[in-house]
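For reference, the structures are reproduced in the following blocks.
Two complexes come next, and they have one chain in common, chain A, joined by chain B in the first and chain C in the second.
What follows is the complex of A and B.
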């Protein structure tokens, strides 16, 4: 099975709009899913320009974009990916 | 309530849009359009009954963001006229908080309530245990007579089905000094004579109905007018954005600020003065002293805790000393404190050397509106580098540790920390004042916000990560001389 990659946007817009709370995921995800899922904080994903700050913070789980991301929404997306293989 | 919720998200979005409007070529008109841009025709109605109410509340939020009081505001005034007035204003308004009546839900009053979960049991412990005869059985189920109920919660504790709940009004419940309550219409009202500007009501309202009146337009107007505007950043600013303070300085300069100074520089002076004062007080037989750097605490003492005054340090705040330094260096400059909390706005209003306050959320919004990616900025050095202790002022225990370090072991300091002002900790402080001593320590560090300044109501980062980032950064700073 391929590893799932989670990218948490740590650009200015996303950080201000709530990504600060998503930093929890950096510790939480590896402890829950081991090496099946990789999490990384990344610089601006460029969604803020195209889609405005209203939908920030943005997180990507492989090719899926999670808008107005929260810890719960990201976990949900990871679970969905894992169960769909 | 977690800080990152939809109400704060909405407020930040409005801040960004208002600043963008200011930076555009037509501020009044683009401000007027914000509610329509945010809720265009046919868009979904996420929170309220209809799109018109949504827009009206957004309009009210923008008025507060422009720095105006909502209480008694004339609803016929156009948003574009508010924008014009904000731009021309010479002084910020007196009070720092305002309630948006349109957004206030008018929550049901605080009370104890029997829910449908009541099983109408035989034992009836609620009835048995109520000392006030407030409970009766109606149609086989318990009911509370609110005119007799004293909110003792005894019935809640004894109900085997957990069927009895306490309904609270979040803002009233959060206010440690009973400064907010409902008017005849059921809307929240702030009593500014009692209010200590702690911001706890702002953070607690699930409808986001209490706003801080922003001074951001005043500050940006000064920059636009070509004035020298100097930012004084609070020690707790480290970790509030994804960059270090040297990059942050570059960011401020890019936004048109003339210079940036660390308030940690003033904190070094506070620590030294407070250490000296502490030694003197103890040598004169005093049993304890409290710190005096927190604006929320100072308001509490001045308005409600006369008895603790003799025990509060007379040393000035880090902001006071920093503003003095800035005034000397740039006599004609406009000084802006960059703050973790709303309480500091009240301190600034009473200080001739501090012209404006910009909170961390407003700072973040300013960078977003200017499309500045802070992590990519170059670093700019500070003329004066503050010490590790000064830079730690914003984290819990940081103040007492600084005073300890500055006292150079000349006296034994046993710190005791009041982590957040609440009804309970107010009682605790009153008790120390009454006894004239504190069994838990001799230096009491009082923090209005839980977690210290990094827990301030306007902070962007979480307390945990912000504290960690500050500790990592200050590890390599020079010790206080």
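What follows is the complex of A and C.
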């Protein structure tokens, strides 16, 4: 099974909209899923400017975009990925 | 050549303000600089007012286009005399110089400056102008041509008379004593900045006092001709997207130290030049996104929030405990002499969403404010280019 990659946007909009608290995932994910899931920060996912409605913070779990991301929502998406194989 | 100038001071023991005053102003468009060091009679508030007045008058006078010699002569002839001690209200040294190394110096009452070139002290010729109104006042006028690496050290008599009357130095440190320390320090660290050398001289003076308490206001100003250190900051995506590649290449090929402030900007450079970005989210400190890493770039930070915080630090000083990305950016800026901003003019609509919990400044405004502080407070040469 391929490793799942989680990318957290660290751009201005996402950061002030709550991405700062998503940094919890950095410790939480490896302790829960070991090396099956990798968490990365990216300078900007560039979704904020491309979409008309504000849905920051943005996180991607492989090709899926999580909008208004919270730790719970991201974990939920990881779980879904893992269970679908 | 770049003129690196700075002053270090210590106030007289038990006083609550400085009795010497140092003032300098850079004129970037003409490549000129004026600096004045004035020592006010006595110490504390009175001396501070006298020194401040003298230095400010001289600077304004020269700034208004008056010949430096004439300006100094007028001030020398008009400085009042203390009724009790029968000596001038203040003494001064004025230096007027340009980036080509042409320097004019006028001294009245302060210890003679020290001219250091190639690790040696040069004693230049000067002309003496006597005061028309006061017999005991004379000014020394110098005209010099300085080369790359040359330094001028000015000090108040608090430095040269440090330790006066002590058992091991009956006449104090004196000019010669200071010269020996300065030459030794420069030999040890040939590229020492003006700021560090001035601090060193003041420390030497204080340490010369038997009880390490300044007996007089102690100031040292250093002027150093050196090659400028260039810095380039790229922030914000360019207005015309088709020019992204051109600007990215210009940025990476620049010989300056380089910083990127902005996620989209970092992505743009990474994409156009195919350089990966390494982002460390775990280390995010002080409520700012952490710095990222990119090969060939000295510093990569988030944009608006970091720039805003950096401007605050530059304005009010860094008081936090955690060294965040804004602190790093401040250090990056302060360790450069000539700073160029490449400011992308493209707007990010998302930043203007009224639902954002924090007011986000317009990039152009922050840069404008930051540039002004860097020029006025830190005497940097700043240029801003909107792209």
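The rule is simple: the second predicted complex is superposed on the first by the 83 of 85 C-alpha atoms of A that agree within 3 Å, B and C clash if a C-alpha of one lies under 4 Å from a C-alpha of the other, contacts with A are read in each partner's own complex, and residues count from 1 in each chain.
Definition applied: a residue touches a chain if its C-beta (ideal position, glycine included) is under 8 Å from a C-beta of that chain, and two chains touch if they have at least 3 such contacts.
This is a predicted model, so every value here is computed, not measured.
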item: Contacts of A:15 with chain B and chain C, given as first, second, both or neither; value: both
item: A:40 touches, of chain B and chain C: first, second, both or neither?; value: second
item: Residue contacts on chain A - larger count, chain B or chain C; value: C
item: Touched partner set for A:68, first chain B, second chain C, both or neither; value: first
item: Partner chain(s) touched by A:29 [first = chain B, second = chain C, both, neither]; value: neither
item: Partner chain in contact with A:54 - chain B first, chain C second, else both or neither; value: both
item: Footprint overlap on chain A, comparing chain B with chain C; value: 10-13, 15-17, 20, 23, 43-44, 48-49, 54
item: Interfacial residue positions of chain C with respect to chain A in the complex; value: 262-264, 266-267, 277, 279-282, 284, 287, 289-290, 292, 300, 302-305, 348-351, 353, 355-358, 360
item: Chain C-touching residues of chain A, taken from the complex the two chains share; value: 8-13, 15-17, 19-20, 23, 26-27, 39-44, 46, 48-49, 54, 56
item: Sites on chain B touched by chain A in the complex; value: 2-4, 9, 12-13, 16, 38, 241-242, 361, 364-365, 367-368, 371-376, 460-462, 465
item: Complex contact set, residues of chain A against chain B; value: 10-13, 15-18, 20-21, 23-24, 43-44, 48-49, 53-54, 68, 70
